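Have a look at this one.
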Amino acid sequence: MSVQPRLRDLGITIGALPTGPGNAITDVTGVAVGHVTLSDGSAQTGVTAIRAHPGHPFRDKLPAAAHVLNGFGKSIGLMQVAELGTLETPIVLTNTLSVGTAATALVRHMLAETPEIGASTGTVNPVVMECNDGAWLNDIRGLHVSEDDVLRALQSVGPSVVEGNVGAGTGMSCYGLAGGIGTASRVVTRGPRRYTTGALTLCNMGRMEDLRIDGRPVGRQLVERLAAEKAVKQTDGREQGSIITVVATDAPLDARQLRRLAVRAGAGLARTGTHLGSGSGDIMLAFSTAEPLPHAMPDDPEYPRRSLHEDALDGLFRGIIEATEEAILNALLAARPIVGNKKRRRRSLAEFADLIAGG
Amino acid sequence: MSVQPRLRDLGITIGALPTGPGNAITDVTGVAVGHVTLSDGSAQTGVTAIRAHPGHPFRDKLPAAAHVLNGFGKSIGLMQVAELGTLETPIVLTNTLSVGTAATALVRHMLAETPEIGASTGTVNPVVMECNDGAWLNDIRGLHVSEDDVLRALQSVGPSVVEGNVGAGTGMSCYGLAGGIGTASRVVTRGPRRYTTGALTLCNMGRMEDLRIDGRPVGRQLVERLAAEKAVKQTDGREQGSIITVVATDAPLDARQLRRLAVRAGAGLARTGTHLGSGSGDIMLAFSTAEPLPHAMPDDPEYPRRSLHEDALDGLFRGIIEATEEAILNALLAARPIVGNKKRRRRSLAEFADLIAGG
Amino acid sequence: MSVQPRLRDLGITIGALPTGPGNAITDVTGVAVGHVTLSDGSAQTGVTAIRAHPGHPFRDKLPAAAHVLNGFGKSIGLMQVAELGTLETPIVLTNTLSVGTAATALVRHMLAETPEIGASTGTVNPVVMECNDGAWLNDIRGLHVSEDDVLRALQSVGPSVVEGNVGAGTGMSCYGLAGGIGTASRVVTRGPRRYTTGALTLCNMGRMEDLRIDGRPVGRQLVERLAAEKAVKQTDGREQGSIITVVATDAPLDARQLRRLAVRAGAGLARTGTHLGSGSGDIMLAFSTAEPLPHAMPDDPEYPRRSLHEDALDGLFRGIIEATEEAILNALLAARPIVGNKKRRRRSLAEFADLIAGG
Amino acid sequence: MSVQPRLRDLGITIGALPTGPGNAITDVTGVAVGHVTLSDGSAQTGVTAIRAHPGHPFRDKLPAAAHVLNGFGKSIGLMQVAELGTLETPIVLTNTLSVGTAATALVRHMLAETPEIGASTGTVNPVVMECNDGAWLNDIRGLHVSEDDVLRALQSVGPSVVEGNVGAGTGMSCYGLAGGIGTASRVVTRGPRRYTTGALTLCNMGRMEDLRIDGRPVGRQLVERLAAEKAVKQTDGREQGSIITVVATDAPLDARQLRRLAVRAGAGLARTGTHLGSGSGDIMLAFSTAEPLPHAMPDDPEYPRRSLHEDALDGLFRGIIEATEEAILNALLAARPIVGNKKRRRRSLAEFADLIAGG
């Protein structure tokens, strides 16, 4: 697959902080991402899996928290994350109506890896999040994602992240263009410490006219261009999409702090122009890889942990805002033109290089 | 199936308010309940379906709200209920690891009933809640619930509620005894108005020693009795279970008020003696049948609704506390002695009639 | 002041766990409590101050969390506690309309102790909670509490807790009787660790008929007794009161875990019989004295902390449920008969020793 | 007072929706705003009062909801707003350490207007919100705001809104410049209905380098300009400020929908460039003037209300995002250069007209 340019390749830099080596969520050591893409006629959908650390996700849980900016969505697993502050499975992204299938597959995956679940210990909390690709490109009523697709996505995870309309992003639309998966990262230093924070976004929100690139109203120019070409057609003008943002950091944040971090991803989202429509389920999930929490309680119920002073959060907040904004734009740039269900089309932002560059 | 006595048949009355005609959640007109029971050797589990009103659940939604007393659980659908304040599918209860399967089946059920979902309108939010029957009686790793079981439960709903270890309650344990499904209702009047409120509980929580019946420490007596008989064995002494409480009312409450009502169910739960263990996911979901909300927006976006003055909530609060406490005790009384996975057993509270009666 | 008997002196034990040496919140080392009582004719109100640890509350903050069981209340400070997970002032309790005065006094107290606040660092978050003593005994419109009263309460804190209608509890009513301040504690062991958890309640809720003592329906008996005496008169039959519960523990809980602990106090409350009326603001605030968090960030933003495994919470949950239930009953027993605003009266539970004892 | 140009006078339009006649929160009929400004040497602070409707605020309450984007703040009254979904007093804004004084004054104001409070009915929930003007311009330790100042602000409310460093905004800093009060409004139509939504912001957040005006990085240009002039000095580079946003609408939203509206104000805030620093308490409070809710319950506890279909929210969401962004920029433009505590200075954005205009 030839590689599309990313935002920085076009000379556009979001914010001021340095990126990690890959400018991706996988710059956070141990994070791995994989896709299974289903792209065949009316079936334009898929699965994206995110493994949060290389250890056993259930036996060594990670601190985690979610922020529900708009709860018009069908995710599973976030209630327990909110209560216990931990993530105990890989994260799976898919289309809205395939959440049940993905949850079952993720349960099977965890049962296979973990004989004690449901036997000598309790159950497991699968985390699956979704966007609705059925509003335009995918025949979502077809329930095309199988449990096997989910298992294959889980097995395919690795350190490089393919962006654009792949995996769960295959049939997604964003600002009236082809949408999907994007990622970015930032590095902040504080005293002797250096932390990497990354975002991965599943982008399926926004109306074309609202798109902003680093503050510039590129969407309005796009609408004019396409009106002149008599080319664009959106579903019904409502913002229906949704966006899922997964945030990883190697800073030792606890669940409360991770929720605060997740909240800030919303500011990066807002800067791309969306008005957070009623129908757009906007969810952020953040985890820290710094120190796993053991599932099994030792004889001494206390154990030492590293903690981050609250005043050190500001740099991380700035980083996740920048990374989220850039991840969304990277998704748009990487997505290729696509024809899906009922011959509906979405064009690629990359086709409009002159507008992006500020022409 | 011969009918077990219910709590009132034993001369025990919880609280002071009158019950509805069936002392069941189905006293709220239009509510219907059905079970599919899977009870065969190591498979001791099932499905319970609750239809909230006889109309189309998606096209005519009901105001709804959840309260998460303890979020150590794997339910799906509550995030959107919290955001939009509406219920748009039947409610399905099952075991923890079958939530994905139940969600998929519920989606299929809704797609079949509703051609516009995922086509000319958005997606649908399946509500599935669960308890963990794998801690003792059910081989939960077997994933014994099929999509067809869920569809059969949805088709079987009716106005009478079978209680005890049936449906989703088949393999549940409660206070160290056979647990499962229970129900009760209360009627309150306020000026010219008369409202019915009902609870259905899926009971899987509590340690035997903690059980209280109308305040009396029956659990401690049970422990003594069984110790003398050298009979009881619990898993590991931890409170791992969970309880789901579904609350229906015909009073015209909005989502905010329904959340307040759901919170009070927790007081009924507390009075049965549980200490709300860390591992016990305790969730309440409440809905009002008074006035459905239309899915489709009319030309005029405003429409009239009936509203209940906040000061009229007190009677409803008292009612749901009484009904929840009684529903739990009804579940215990109706559950029959059971042998399940690995020949593990649970006895029935009904075997100890002398203790219940205050002897 | 002669000492009233406490619940245990009457032979009634709530639950099974051992108490701390004083069966009081001050069994948690470092916690100190003080009262200023204003009892003169129509003015029946006051202030209770709780110092959470002997160190500087702002420079060395404590992990803390609140649970709002019913938000019909006018507390100040809980929003920041929820966001940052820390307590940085003593806690002040008073009547509803004096919260502003108490907050200003607490700010003055903190400014005097802490020259850097509002100068070289940010501001301070005063925590003040309240119940409405104006429903019956106090002329709350008189705004009788002065800033000086609050400062005197802060200065008077010590290791012994006077219970009953003193301090903020002076004009409170509970289950139709004289209410006020009560306390209790529990000790739990887990492996090599031993933790003390205590509750202090400001009790102003409940209708007489609902009162339960260790499960027994003493309230119904009281109503009958008083009806026979033609003696009782309540305001208007609505549950209007409110209850504030302050929870202290020396276990190393973080803010998320402290919220979970605070939630369980609600179960202790429920067991005393209240139906959590719409007008009753029921708030719990929990803090841990195990390890203060430094206000100032060191050069290295990371520091080590002790953490408690989640599975170790169950004992603490049981402890706080028991302690809260007992604290409420201790408040009722300690409160003396009182005549207040408009010659309104409340009798003392202690007058009905025969009913309490189960006669 | 000569009138400063507002953003639109400079030819800059935020978004696409039309404004109300005054482009102010008072375009929502019945809303009135008043200021008391304390500007004398080291005392640079004040009070802003917002009356939500011309009726009696307690007897006829308005539906209301708050969104806490960052809870690092000391507001009072929001807990009850969250529980009951109503506003029952005017809203008062002031500095952080004067919240107690303002609450007491607001209580006195309500007691004077409402003899039944604390007598024949319950208490009253004063709503006071704040930002910290002590970080730079005001001697906040001086507690300069008196109860009388608050009462005067309440008495001074009217239909025109003075913007800039007046009232509660007197000593506020925003993006390293003089900050304070700004306002804007938008009108949306939906079928036969026409709704006005307005925002009033108390602006005290942001670092200069982050400021964006309609997407353009004006802040970076400002920093360069001032560096060349060797002119600027900020406190310590941390984002410490806070922003309060009050949202009014005449659309018939219930409390749940108002919370959703309040959430969107955060997107307008994000577009002005702030990274939502840990120390910046960012709170939104929204109310609807469409239909008051009566305090007293009639004999029939049900009453009819108008309700807005959820799909009609999108226009309102877009409107409040635009209005909030514009209100913040209006505040910056209206604020005059100021010298405060310790001779510290803030310059006015209006001094840099060439940069604002895109030069």
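Going in written order, the chains are labelled A, B, C and D, and every chain counts its residues from 1.
The rule is simple: a contact is a pair of C-beta atoms (placed from the backbone, for glycine too) under 8 Å apart; a residue touches a chain by one contact, two chains touch by 3 or more.
If you're wondering where the values come from, they're calculated on a predicted model, not measured in any experiment.
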Report which of C-D and B-D is connected by more C-beta pairs in contact.
C-D
Counting only C-alpha atoms to place each centre, which chain is farthest from chain C?
A
Distance between chain centroids, defined by C-alpha means - chain B, chain D (Å)
44
The distance between the C-alpha centres of chain A and chain D, rounded to whole Å, is 33
Using CA atom averages as chain centres, what separation in Å is found between chain C and chain D?
34
For chain B, what residues touch not just one other chain but two or more?
70, 83-84, 260, 279, 310-311
Touching chain B in the complex, chain C uses residues 16, 69-70, 209, 212, 214-217, 238-239, 260, 263-264, 266-271, 274-279, 310-311, 313-314, 317-318, 321
Please output the residues of chain D touching chain B within their complex, sorted ascending.
83-85, 190-193, 252, 254-256, 260, 294, 297-312
Can you name the residues of chain D that touch chain C in the complex?
68, 70-80, 82-84, 96-97, 99-108, 111, 117-119, 122-126, 132, 134-135, 140-141, 143, 240, 279, 281, 283
